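Below is the structure I would like to discuss, written out as structure tokens.
Think of it as A, B, C, D, E and F in the order they're written, each chain with its own count starting at 1.
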Amino acid sequence: MPIVTVSGPRITLEQKREMVRGLTEVAAEVYGRPPGHIIVIIQENEPENVAISGKLAVDRQAKSS
Amino acid sequence: MPIVTVSGPRITLEQKREMVRGLTEVAAEVYGRPPGHIIVIIQENEPENVAISGKLAVDRQAKSS
Amino acid sequence: MPIVTVSGPRITLEQKREMVRGLTEVAAEVYGRPPGHIIVIIQENEPENVAISGKLAVDRQAKSS
Amino acid sequence: MPIVTVSGPRITLEQKREMVRGLTEVAAEVYGRPPGHIIVIIQENEPENVAISGKLAVDRQAKSS
Amino acid sequence: MPIVTVSGPRITLEQKREMVRGLTEVAAEVYGRPPGHIIVIIQENEPENVAISGKLAVDRQAKSS
Amino acid sequence: MPIVTVSGPRITLEQKREMVRGLTEVAAEVYGRPPGHIIVIIQENEPENVAISGKLAVDRQAKSS
């Protein structure tokens, strides 16, 4: 059973519904498997736990505001 | 050092103790390593962060109740 | 930058193209980010490295043939 | 569906069978789920891709021989 | 874009800043890429979710105190 | 024991040595743990298994040449 993991910022319950619906559709189609064989896991990262260019997201946001 | 990661629903502290004891025993035995070389990490996923068949666990539960 | 990881059986290069195109479109749409902010990683698992119900995929296939 | 991922050195097919049988049994028991709901993924790391104490496994082995 | 994931105990915001600065510098240097191409994700594990030798960190701490 | 996983393109053995030395030093320093407590895992992704902007790395390279 293929597993799709999506790691990103916090999203709402409604966005999660859309996300898992869409990702499952794509994966089922490409693998040629029924949607019931596709697992999706959402990981929400706090802005103080993700960095690009050596700078935490929480610090980038503060700077740009 | 082998690492066993188990990703599933929330469990109690007592279940976690059983889980890491059991998984460590199996991994140590199969790898032929002492238990002190086996790391176990438990990841607990909220029902709104896991989906099968494009449907979040939180929505499946609601439907079946 | 959100990261989508898809873990499943081996697929062809053409299937990979379709996969990353589709997953990126969904993630970009739901997160409200440009596609250039979405990373996709494909992990291909050999049938002898995945199991359901305690049985390796390679052994299930053999049995069903 | 809980997912158990085990990351360690290369093992034989027979060891993989034992591993997934054992890990599945433990996880099914602790989660109170049927074994058919447990997925196991084995990741094999080359000795040049794992390090402890800042030293690759491949270099530790060479040194100790 | 290379991704560095660091999984360990809880740390302070200041430690996170140091961590992502240092890891990004090393990865950028070794890959020969600009720091803006390096993503770092921090995962903080609760002491009841990590075990060595089949014993949860939370139980080890209690014992040693 | 903290675990640092670095996922990127293929690198040479010498680059791997530098990588694990550097990442371990940073993690040991920030966590305040001895280097012997730090595990590093290197994951090398083929250019046909990574995408940004919905385009595989292998196709980006071909295009730019």
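We take it that a residue touches a chain if its C-beta (ideal position, glycine included) is under 8 Å from a C-beta of that chain, and two chains touch if they have at least 3 such contacts.
On a predicted model such as this, the values are computed, not experimentally measured, just so you know.
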Worksheet item: Between chain B and chain C, which partner chains are common?
Response: A, D, E, F
Worksheet item: How short can a chain-to-chain path be from chain D to chain F, counted in steps between touching chains?
Response: 1
Discussion item. If you average the CA coordinates per chain, which chain's centre is most distant from that of chain E?
Written reply: C
Worksheet, complete the sentence: Equivalent interface to D-F (more than half of contact pairs same by residue no.) among A-C, C-D or E-F is C-D
Worksheet item: Centre to centre, by mean C-alpha position, how many angstrom separate chain C and chain E?
Response: 26
Discussion item. Between chain A and chain E, what distance separates the C-alpha centroids? Give it in angstrom.
Written reply: 20
Worksheet entry | Touching two or more other chains - residues of chain E | 1, 3, 7, 23, 25, 39, 52
Practice prompt. Return all touching chain pairs.
Written response: A-B, A-C, A-D, A-E, B-D, B-E, B-F, C-D, C-E, C-F, D-F, E-F
Worksheet entry | Parts of chain B lying in touch with chain F, wherever the complex brings them together | 1, 3, 39
Worksheet, complete the sentence: In the complex, chain C touches chain F at residues 13, 16-17, 20-21, 23-25, 28, 34-36, 38-44
Discussion item. Applying the document's contact rule, which stretches of chain E touch chain B when the two form their complex?
Written reply: 7, 45, 48-56, 58-59
Worksheet item: Which part of chain D faces chain B closely enough to touch in the complex?
Response: 1-9, 11, 15, 18-19, 22-23, 25-27, 29-31, 52
